[in-house]
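Just below sit the structures, each encoded as structure tokens.
Both complexes below contain chain A, partnered by chain B and then by chain C.
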Partner chain A sequence: MAPEQPAAAQLEVFIDGEAVQVPKGSTVLEAARQAGSYVPTLCFDDRLEQFGACRVCMVGVEGGGPPIAACTTPCVEGMRIDTTDATARRVASNTVELVLSELPRPPAPHTELAGVARFFELGEPRWRGARHEPDEDQRHPYLVLQHEMCISCGRCIRACDEVQGAFALTATGRGFSANVTAGLDSGFRDSTCVSCGACADTCPTDAITEHLLLDLTSEIATNGEEGEGSR
Partner chain B sequence: MSRNLTEILRAEEPQSPPTALDVLKDAVADHGELTDDDRRRAARLSGLPEAAVYGISSFYDDLLAPRGRRHVSVCTGTACWAADFGEHVGAVQDALGLSLGERSADHGISLGQTVCLGFCHTGAALREGDLVDAGPDVVRRVAAGSCREAPEPQGTSMLDEPVLLREGDWSGLRSALERDPAELLAAVKDANLRGRGGAGFPAGLKWEFAGRAEGDEKVIVVNADEGDPGSYIDKHLMERSPELLLEGMALAGYAVGASRGFVFVRSEYPRSMPILFEAAERARDAGNLGADIGGSGFDFDVEVKEGAGSYVVGEETALLNSLMGLRGTVTARPPFPAERGWHGKPTVVNNVETLCNVPFIAANGAEAYAALSPGATSGTKLVCLNERFASPGMHEVSFGTPIEVICNTIGGGLVDGHEIKALQIGGPLGGILPGTRLETPFDFDELAAEGCMVGHGSIVAFDERTDIRALATHLLEFGAHESCGKCFPCRIGLQRGLEMVRQDGPVDRARLEELLETLELGSLCAHGGGMPAPIRSLIAHFPDELGVA
Partner chain C sequence: MSERFEQTTTTTCGYCGVGCRLEAHRADGNVVSISPALDGPANKGHTCLKGRFAHQFARSRDRLQAPLIREGDGFRLATWEEAINKVSTALNGIKADHGPDAIAGLASSRATNEDCYVMQRMMRAAIGTHNIDNCSRVCHSPTSFALRKSFGLSGATGSFDDIEQADVALLIGVNPTQGHPVVGARIKQAALKGLKLITADPRRIELADYGRIHLGNRPGTNAAFVWGLIGVVIRDGLIDEDFIARRTEGYQAVEEMAHTYTPEAVEEVTGVPAADLERAAHMYAGADRACILWGLGVTEHKYGSEVVRLLCNLALMTGNVGRPGAALLPLRGQNNVQGSSDMGALPDTFTDYRPVSDDAVTSMFEQRWGVEMKREKGMKIPEMFDAAVAGGLKAMYIFGEDVAQTDPDTAHVAEALESLDFLVCQEIFENETTRYADVILPSSSFLEKTGTFTNAERRLQLVEAAKEPPGEAKTDFEILMTVSAALGHEMEYETPSDVMDEIAEMTPRYAGLSHERIGRKGLMWPVAADGTDSPILYTDEFELPGGKAHFAPLPYKEPGDAVDDDFQLILVTGRRLEHYNAGTMTRRTGNVDLMTGDVLEIHPDDAAPRDLDDGGIATVTSRVGEIKLPVQVTDRIEPGHVFTTFHFPEVRTNLLVGQSSDVNTSCPEYKVIAVSVEHAQDREREPALA
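The block that comes next holds the complex of A and B.
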């Protein structure tokens, strides 16, 4: 399809009809961002290795196949991506609604999750089943881990491993009980945590945050101010 | 587990066992439950961070429930469920006075559950230590402390010359070693050998990808984590024809250029591991494994490793994580294992039965292999029938054999005049075929047209007494319990699906179908992606009994 042969290390793909040149090895998400098309994400943080867990970055591919996860799919020459594909959007939206349904309370308005939920115009989730039980770990002087707000996106773990190299965090459990913890489930202080805050910085739900910020957050929430939910 | 951590592990030449998982398993075997000291020790010996070890210790069934001096596991698999609709699970709890996952106060006895012990031909199965007992009165025997070894299934081949139900004689390897590895690869590609573990991917292509991938050292991994409830095919092959499997591995190694292989056996099959060990030892003594096999210059040897209780570890990326001693969660592909697998090396992951087909192809060629089958798919397939059949057991059939023939001619119909209400074919991710569609040929495309799959080849019959809503609940309990928890649709969606069918009222059909679409299209692997298939079948064929409205 491409009229001109792109340079050897470049690929040409089409995002929502617009041709973009991307370096070989780029993901569909990178191409979409280069084209200026918004693709919502939850487990993605461009400082970290992609993870492919949240399935919120689903997009359509021309050719009628099932939607793909933009963050983990490499671009192929001539690929045509529809970021607004109805099926992909429906799957992504239903997934975000499932995520909201596991939390005992809505995420604070300034969080990334709240922003993605607004993007999909999601209100109160339709699901009424099991939710995470409140379980707050306040053993650290200022880092607090609210297990019940964890959505197992793995960003904190990857930030700890890849940005800080402290290896203090791990995923725990499996299935609906999956969560995250520090050290031998012993709290940040009794782990290899260096209190850098990279985990809190990347957390899309404030499951890990700072005590002081928690207080500010509730003020912002009462004032009804909303942050930009998406990066 | 972050990718970074996996990469660090991959970069380090892991020649020095044990893995963290090995250390944790040994600790449970030694004193029945894990302590933080055990976790610290596992971290020290494996080189993993303590947090990562904690994560591993919270993932696997075998590491979670505390064990007494006697440890009993009750099978909650689908074939055992079809036998008595789960009555044995309640009965053993009553008889021992323990709930699932509980240990007696004096630590004398503990009770766990396990999804499929591979005795689907006998009815309700229980395990104590390494002994599996099954069939009528099993609960009474376990309670009395007098377990006895359950009978193994019979295997019969419908072919004049069995391809799979035979002892390996290493003639395929000898024949291959006389020729160039490229000839063997070409033969396996021409034979169009499709994977028998569920996905049906052409084995020859996988080999070719791994063979071409960058990296001097290549690895063959046998996926012997046959977790599909109702399937005992790989168990049978490992225990009855272990040398056929080892020969298939060596052939894969020769074609790909690998000198090292692993068999990853699920821990629910206590008899398989020792048999494989012995067979490998025999093969080494006979010069069929080891250095310079048959004076050809080709080196190949195998190690046998045991899993720790997780269904999703049967998915290839999760299996490789588990083989490296990590949490058995799924990793997004690409990269595929053929490119970056075990510790970063190009790795072929093949199912047991797939590899057991290779010696025939090596000895007789692709044409002879294709000629075995009147159906579209080359070769033969093992199918296994559950206890509901009059003649349950393992049968080698040609692709294309009508399911009616498998069920009624070979399986003898159901016991005691019961009738087939429905069949689940190929495992828990396979669709459900109603008893009115038995004329369907057993082959990939024909089953797919019915919303079903060849899968692992298991055929679990549900008789006319089966409550369809209870069946849906059983299936989704399994799905939710076994979700690895990585991708969001599967982690939360299977829980929501279970809640929908477990409550008493009607099931909102539109909402259920929306959920199934999210699972099918959104999930990272075939677990969340496949669980909708049987539920969709139930909606299509038994909407009233399922209670959808």
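The block that comes next holds the complex of A and C.
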């Protein structure tokens, strides 16, 4: 049996050529953040367990192999990561563009999805397939669920389960129909929802948001103050 | 991107004692949204529906926006100058005619530490009385009393982080997923990851569903229940002999008394099956690291302070104090109920619970403030009301507390307020209490002020103004400074930060506190002069003479009220997730849409013979009052008991609560009220208040 590693054992990895020391068990994303290299994420939230679904945090690893997801890959001693790897960027960028192509309108400029789209300098999606029809649930006094903006990243469901523990949200449908629902499609109020708002707080697209914020966002849009990066 | 907001301010939540750090986002001069601060030490990027959503009360149209002066049966608008002049003239007149002790003040457990410190200084230095108290009197004063007696200091022994590090947690008389939702969520997540929960409550609380053992002991039998656990721990040799020998005094008397509390005898009193009690005792004492959490279900009883001491016994005999994952965590009700008492807004103590009878302490404050003060303590809240009715107390200055709704025996409180010659209320809304006021001073909500709150972990955290007070309303700091000056005692502070500097200077255990040091992460007292704070207390020594903790051999005694032929059910009162205390804030938000009114929870076995169904209206009568409200039939409450809240003034639940209170601290017995429950149509309803 190998000698036991002390709990605080450190590893050395190289992010874009810079050596960083990270605790054993750290992910590539954590190492990249420590090195100050930006890696875009979409399904990731510090408050939640690792998930690794969206493939937006792809980075290259020196020594071959396809790009890896930074948020779920553990660091290995001596690993050399290229966060600007062309293949990784192309894969991630196309993924985001595909996500955007299903939405009936660009995400509001303040959302994480809009930020990621700006990072990849994505304009109007090249693919003009089916788009979601507006389907808004306003029955809750604070929360609004805009189903058409859901990208099935699962963050709201995981926040509900892992942070609050209300288990009120569920993933529904498959493929293009994949979405999120409260309770048995009964809305927040008739589910086990405790109105904590963790779902709205983590949502990267405002598919779940607050009435007041929605009013504010549309006010800004109609006043022509919309940020240029929104498309 | 934050173009949506003109400003984002990091502050601390003004609802419960968890102390969530919040980001308050402002647009058009108003707070339009609140999100959790990701680095909040208590909330770690989470918050509940009160902290996150229930902020619209702050811009409610019925906020008090200008001073009001009584005129006939109503009030008229007044200028600040006129209102302050009226207050100072009346109070100085009463002081001249009847002496300073004819005046009493209440500080607010929702206000900042700095506000509370300034308020107690105003009462002590400007008026000259120790008649100053705060509403911790009616919630956790028994906790404070007992922890000081057993361990030395008045606060949790650890932090919420101990919950995740514990193997077992005993929750008694507390319902965190409703009353302290973010800690409730943390406990639930810890339970899902393996923390073994033992819950003890007359209601099957939500966390019982995530726990290993639920014990539905009868209201008022907590002492017998805890003795039952202690008895099994001793009988089965699960004590930590080394810890007892090295760190404690008085164990022998507890061991001798424990033998009478056999599981069978305890089952008789509490209704908890002997086998469950044994399993719970084994689980708690068998753990390497075990926490105890409690709330008002422990304290708001005739012997509440004694039960807290028994919980301390249990922790001491198993060595579960002063280590990571082994903490005693009272969940404090209001945002600053810890701090308001820490700051000396109490009739018998200055900051850090140093008694006014201690000549050295009082002399030090006399020198600092340039006044003379008595060495005899002042009146507690219930004594104030009794004195008002008897005629000795002539005036009160009530800051941020709706005593006419929240204190027990509402009819008695109303009589007391009516008996006063002069009442000042410093408030953000008109409420039941302001109806009796002569002057109402419009003040500020937590979103409009600067200072600090101390949460249930003893952690001081910064409060920063996210918006201006509405209209002509002022911050409480400014109002109290102005009133004090008008009374002839000018205070030299320019900002609340200056107040904190004086608190640090005057209080050895708070020596290192300053707004700058508190920063984004907060500081847990005691704070040494170099700024080192104390996440875990008593790691080496207890804060009692000799450094040892004290066991307390206090026997079980029956509660102040009991069922009889006329009053066959026991009413327990408490809180619900959607609302907060008197509802002053939450009823002015969308939370009302989520929960529209108080209901009476009743077990099916008790509802059926009374012909009560869900939604049916019940008349609830106690020995002192009567209310009507709709029922909710549920088997989450034990038969023989009913439950309701006190969030809605139209229900006025506290009309039912009598004068019984904790023997050491006068904390009212809100949790054991013998009542009769009838279908409302069974008899003519008489007015509740004559």
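Everything below uses one rule, namely that the second predicted complex is superposed on the first by the 212 of 231 C-alpha atoms of A that agree within 3 Å, B and C clash if a C-alpha of one lies under 4 Å from a C-alpha of the other, contacts with A are read in each partner's own complex, and residues count from 1 in each chain.
Here is the rule we use: a contact is a pair of C-beta atoms (placed from the backbone, for glycine too) under 8 Å apart; a residue touches a chain by one contact, two chains touch by 3 or more.
Since this is a predicted model, take the numbers as computed values, not measurements.
Asks: For A:T172, select first, second, both or neither according to whether it touches chain B, chain C, the two together, or no partner.
Replies: In the superposed model, A:T172 contacts chain B only, not chain C.
Asks: Scan A:E162 for contacts with chain B and chain C and give back first, second, both or neither.
Replies: Touch status of A:E162: both partners.
Asks: Going by the contact rule set out at the top, does A:R47 touch chain B (first), chain C (second), both, or neither?
Replies: A:R47 sits against chain C, while chain B stays out of touch.
Asks: Regarding the shared-chain residue A:C196, is it in contact with chain B (first), chain C (second), both, or neither?
Replies: second
Asks: For A:H110, using the defined touch cut-off, is the partner it touches chain B, chain C, both, or neither? Pick first, second, both or neither.
Replies: second
Asks: When the two structures are overlaid on chain A, which partner does A:L212 contact: first (chain B), second (chain C), both, or neither?
Replies: It touches chain C, and chain B stays clear.
Asks: Which partner, chain B or chain C, is in contact with more residues of chain A?
Replies: Partner with more touched residues of chain A: B.
Asks: In the superposed arrangement, does A:A19 touch chain B (first), chain C (second), both or neither?
Replies: The answer is neither, since A:A19 touches no partner chain.
Asks: Indicate the residue numbers of chain A shared between its chain B interface and its chain C interface, in ascending order.
Replies: The overlap between the chain B and chain C interfaces on chain A comprises residues 162.
Asks: Which residues, counting only chain B, touch chain A once they are in their complex?
Replies: 1-5, 36, 39-40, 49-55, 58-59, 310, 327, 329, 331-332, 334, 480-489, 491-496, 499, 511, 514-515, 517-518, 521-524
Asks: Touching chain B in the complex: which residues of chain A?
Replies: 42, 48-56, 58, 66-67, 69, 72, 74, 87, 90-92, 94-95, 98-99, 101-102, 126-127, 129-130, 151-152, 154, 157-158, 160-162, 167-178, 181-186, 191-192
Asks: Please output the residues of chain C touching chain A within their complex, sorted ascending.
Replies: 1-4, 27, 32-33, 35-36, 38, 44-49, 52-53, 177, 181, 185, 188-189, 192, 210, 577-578, 590-591, 593-594
Asks: Please give the residue numbers of chain A that touch chain C in the complex, ascending.
Replies: Answer in residue numbers: 46-47, 109-110, 114-115, 141-142, 162-165, 189, 194-198, 201, 210, 212-213, 216-217, 220, 225, 227.
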